[in-house]
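Here come two complexes built around chain A, the first alongside chain B, the second alongside chain C.
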Partner chain A sequence: MMQPVYISAASALSPQHSFGTDAPLQPVMSSDNGRLYVQDADYSKFINPVAIRRMSRMLKIGISTGMDCLRQSGIEKPDGIITGTGRGSMRDMEIFLGDMLRLKEEALNPTYFIQSTYNSINGWLALQTKCTGYNQTYVHRGHSLEMALLDAQLLLNETTDKQHYLVGSFDEFTDEYFVVKNKIGYWKQPTPHSLDLYKHNDTPGSIGGEGSAFFMVTNEKENALFSIAALQMLQDYTPAEVDATITRILEENKILLRDVDVILCGMSGDSRFDGIYKPLFNNTTVHTTVGAFKHLCGEYDTSTGFALWLAAQAFKTQQVPDAIIQKKGINPSVKTVLIVNHYILNSASVMLLRANS
Partner chain B sequence: MAERIVVTSLGILSALGNGVAANLQALQQQQPGLRYPQLLQTIHAREFLLGEVRYSNDELSAMLGLPTGNNGYTRTTLLAMVAMQEVLKGIDKKELQDEGFAFINANTVGGMCSVEDMYEDFLSDNTSEESLKYIDTLDCAESTQNVTKHFGLKPFTATLSTACSSSGNAIILGARLIQHGIVKRAICGGCDALSRFTLNGFHSLKNVDKQPARPFDNTRFGLNLGEGAGYVLLETEKSAKERGAEIIAVLSGYANTNDAYHPTAPNPNGDGAYSTMQLALQKAQLQTTDINYINAHGTATTANDAAEGKAIERLFDGHTPHFSSTKPYTGHTLAAAGVIEAIFSIGALQQQMVWPSLNHTSQMEEVSIAPTTQLIENAGINHVLSNSFGFGGNNVSLIFSRA
Partner chain C sequence: MEDLKVTLKQQIIESLNLQGMKPEDIDDNAPLFGEGLGLDSIDSLEMMVLLERNYGIKIEDAREGRKVLQSVASMAEYIQQHRKI
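Entry: the complex of A and B
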């Protein structure tokens, strides 16, 4: 039986005010063009000044989030660094590809090529922290971050030492990505205002988003914010399988549905994928608050990172921001949180989180 | 004490041919698979020797019983499927599925090989129907998902990408998932197809050699790129015995580290390579003197071979075993390199042969050790060390031992 793992720090750069602020999600940011972009931060605080000049936006976002998480946790050098990304540094890839096509394979700038490799942010984080330990990058679409978290859980169960792994995700939204994925129905038509996303969940498509989130994952219970009690990934799922997974996880952890204080739903306003969330609204009683997050961060491969960050905030402050609430429950505190998410390419995940008590 | 993880099936497709037998025969006969590309459409086609798999996409599709033409499968996926077909040969797929298994795939540029030909059409207002079939193929998990679907399997799947050490990491993850009891078996490996994107990427870094690559040679300049796919089936010794499977080799040790030195270049002293090999030995509970052959990363870039050479010389301290790089045979197959070389290492154990390094004529000035350049038969090999080091400082070492 695997031991649960603990999260001792969380950092996120997102389309919302989530980074280095005492007032997260205030004011709530929104858009009406179907795209939500990260709120830029002062990246120079987190990155070597010489290196930062040539870095793409994705690298700055990912590295800064990772470094901020380290700072928050007070750990200078983690035991390893594990990331997940569906798209890597998309813009670098687009630029190198575009240049290659336009310049007919001549006189290309290697910087974009190097930065486009999926493990480049991992490499930079290792370099900046002098962390020579375990280093891994998952690129498995809607399960990229989940795999990174699972890997950390495996590692922490392979040791009797107190260890700390920096685990995170990053994904970037680009204009070209918007154009390309528009051809296969990723985006809702007509484009809704982001805060009205769920008013149109009878039609297919969603809104695009991006973000980075990093977590300090440890087997040290002391000073942790919460634990990941269960993590389950489903591929080519049916709504019934997701429902059964949630039931099984709650049973295994001896939790009644009414004792789940908050459920964070990854519904994206897309009618094709709404089936796994309906039971959550229908089956929950007056006790549970049901929330959603993709109207705040948009749809992307690693949006569970934003949800996990929201959960960390809720555990820390014992409050659920109004901006995420879809159905308000009466449970007075935040001790148990369930994250249920799907991604457009037929993947889903369920995470059970418990306050550190 | 964790259960022993063993290898019970192999599958490989490289410039040396289709299948384990063809690949090992080419190594034994010292027949490299490099050529000027005939399939990859690039202005550099007459300039760079590449480890191009001999089969066109149509030929690969035919081998898989798929329709030819633009069938929606990228070359990356087709290479992966052909290698997977070999791994699954003689395996009871129902047993595999019912008892729980993982498919851990590694990849560096997804379906770029197709996307780069269609990208302008993707962006245009009137994307063709043909291109639309490939529009979701750029990411790395595309091949993973298509392979499982093609073979009617529904395993635990994961895709990872750590540059040139990717499929070494896939093997490590598979072993760990088995040890944790999450799955009973794991098919692990990687795939990468040649693309203009990667060729021009490495060329822009000025580390692609126009001549055949010369690993651990003083005149080395750079690598030759290649393509391919490879997979190994891992399970516990107990599980293999239960189903009466032949145990081909034991995965006795592994390690994953990071150089934390530079975005692309290795630590010039080879510190990263040194500690990775050392940790893999510790994991295997072996001494340096137990290793009989090292299948080196040996890309023939100036930086890698100096760093890796120094690390081997320092770690093995006067007792350096036979070592060679098989990259001049296959080209550097990036995400597939780790598993392809793992299979060559296992082949060395099975056939008791050391695969000779090619194109070595002058002693490297950075070290006093030199690769083995003649085929050694009846080599008395009990343990083989296989290295994969990548961009971003991602290092992997694997140790395979006789069954």
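Entry: the complex of A and C
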């Protein structure tokens, strides 16, 4: 059995106020056009001015989140950088492919091509931190961030040295992506207001979103915010399999469901997928708070990152923001959090988090 | 020639996204790389693309490219002699 790993810092740029603020999720941001975009930050604080002029929005978002996480953790140079992304820098790719058609594959700008590669954020973070250690980007759709976390867990389980890995995720939403994915039923019709997403859970589709989240993952327990006690990915699952996985994880960690203080559900309001969350609502007792997060960040491949950041905030402040609560529990503190998330195309994940005690 | 230099400076600013910079901020004879504008190797690729798209000039010899991209003045002179568009 794998040893747990610890999270000592968390940073997120999201459609909510989540970055560089003492009052996260205040005020709650929403939209009525089916799209939730990241709240931009002052990226020039994190990226040198010569480099920033050439960077796309996705690069600025990803690099700034990673650098902010490093700053919070007090680690200048991590032992490695591991990320996950479902789509990489979409806008750069769209511009490059558009130019290929428009200019008949002649005189193409190199910058868009260079930046559209999935690992460009990792590369920039490595350059900025002078980190020549392990550097990996996972592009595994709805399991991208989970794979990055698992990789860090495996690396940390193989060593007795104290090590720190910068692990993160980033995904970008574009108008073009909205149009393309609309053709295959990704988005709800008619478009609901984002905060009313779950009122429309009897129809297929969701709302689109984007975001970036970075975490300092370490085997050093001291000063950690919480640990990842278990991480399980499921592909082509049934709701019963997800339920059985949750039961097994709780049993292996000797935790009763009533002792789970918060469950963060990745409900997307999509009638085709939200069935996996029903047992969580039905089986939880008055003790557990059940929350949801996709009405705040939208649906995207690595939305687990936003949920993990929310969990970090809950551990840090010992409070669960009203904006995420779907069913309020009576447990007075936040010691155990369960994240259950799914993504279109039948991938799901379950993550058990425990306060550092 | 003077008009070409101003147009070229504008194209460089747009192509390289030199925010907050105006054509008059760029000295005709100042080096584009290193101490001058502080451009780098990716910028040089972008400028090769600029020459090809806007003036039909394709520079395939790296040594020649280095000479041409020394300054706005050297670029303008080369464009005047070799432009196809």
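We adopt the following convention: the second predicted complex is superposed on the first by the 357 of 357 C-alpha atoms of A that agree within 3 Å, B and C clash if a C-alpha of one lies under 4 Å from a C-alpha of the other, contacts with A are read in each partner's own complex, and residues count from 1 in each chain.
Everything that follows uses one rule, which is that a residue touches a chain if its C-beta (ideal position, glycine included) is under 8 Å from a C-beta of that chain, and two chains touch if they have at least 3 such contacts.
Just so it is clear, the model here is predicted, and its values are computed rather than measured.
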| item | value |
| --- | --- |
| Touching partner for A:Arg53 - first (chain B), second (chain C), both, neither | second |
| Which of chain B and chain C A:Ile114 touches, first, second, both or neither | both |
| First (chain B), second (chain C), both or neither touched by A:Lys254 | neither |
| Touching partner for A:Lys104 - first (chain B), second (chain C), both, neither | first |
| First (chain B), second (chain C), both or neither touched by A:Ile81 | first |
| Broader residue contact with chain A after superposition on the shared chain, chain B or chain C | B |
| Chain B versus chain C as contact partner of A:Val179, first or second or both or neither | first |
| Chain B versus chain C as contact partner of A:Leu345, first or second or both or neither | first |
| Chain B versus chain C as contact partner of A:Tyr138, first or second or both or neither | first |
| Overlapping contact positions on chain A, where the chain C interface meets the chain B interface | 106, 108-110, 114 |
| Footprint of chain C on chain A - complex, ascending | 50, 53-54, 103, 106-111, 114 |
| Of chain A, residues touching chain B in the complex | 2, 81, 86-88, 93, 96-98, 100-101, 104-106, 108-110, 113-114, 116-120, 122-124, 126-127, 129-141, 143, 147, 151, 154, 157-158, 176, 179-181, 183-184, 233, 235-236, 345 |
| Residue ranges of chain C in contact with chain A within the complex | 16-19, 38, 40, 42, 45-46, 49, 52-53 |
| Interfacial residue positions of chain B with respect to chain A in the complex | 42-44, 107-108, 112, 115-116, 119-120, 122-123, 127, 132, 135-136, 138-141, 144-145, 154, 156-163, 169, 173, 176-177, 180, 196-197, 200-205, 256-264, 272, 275, 390-394 |
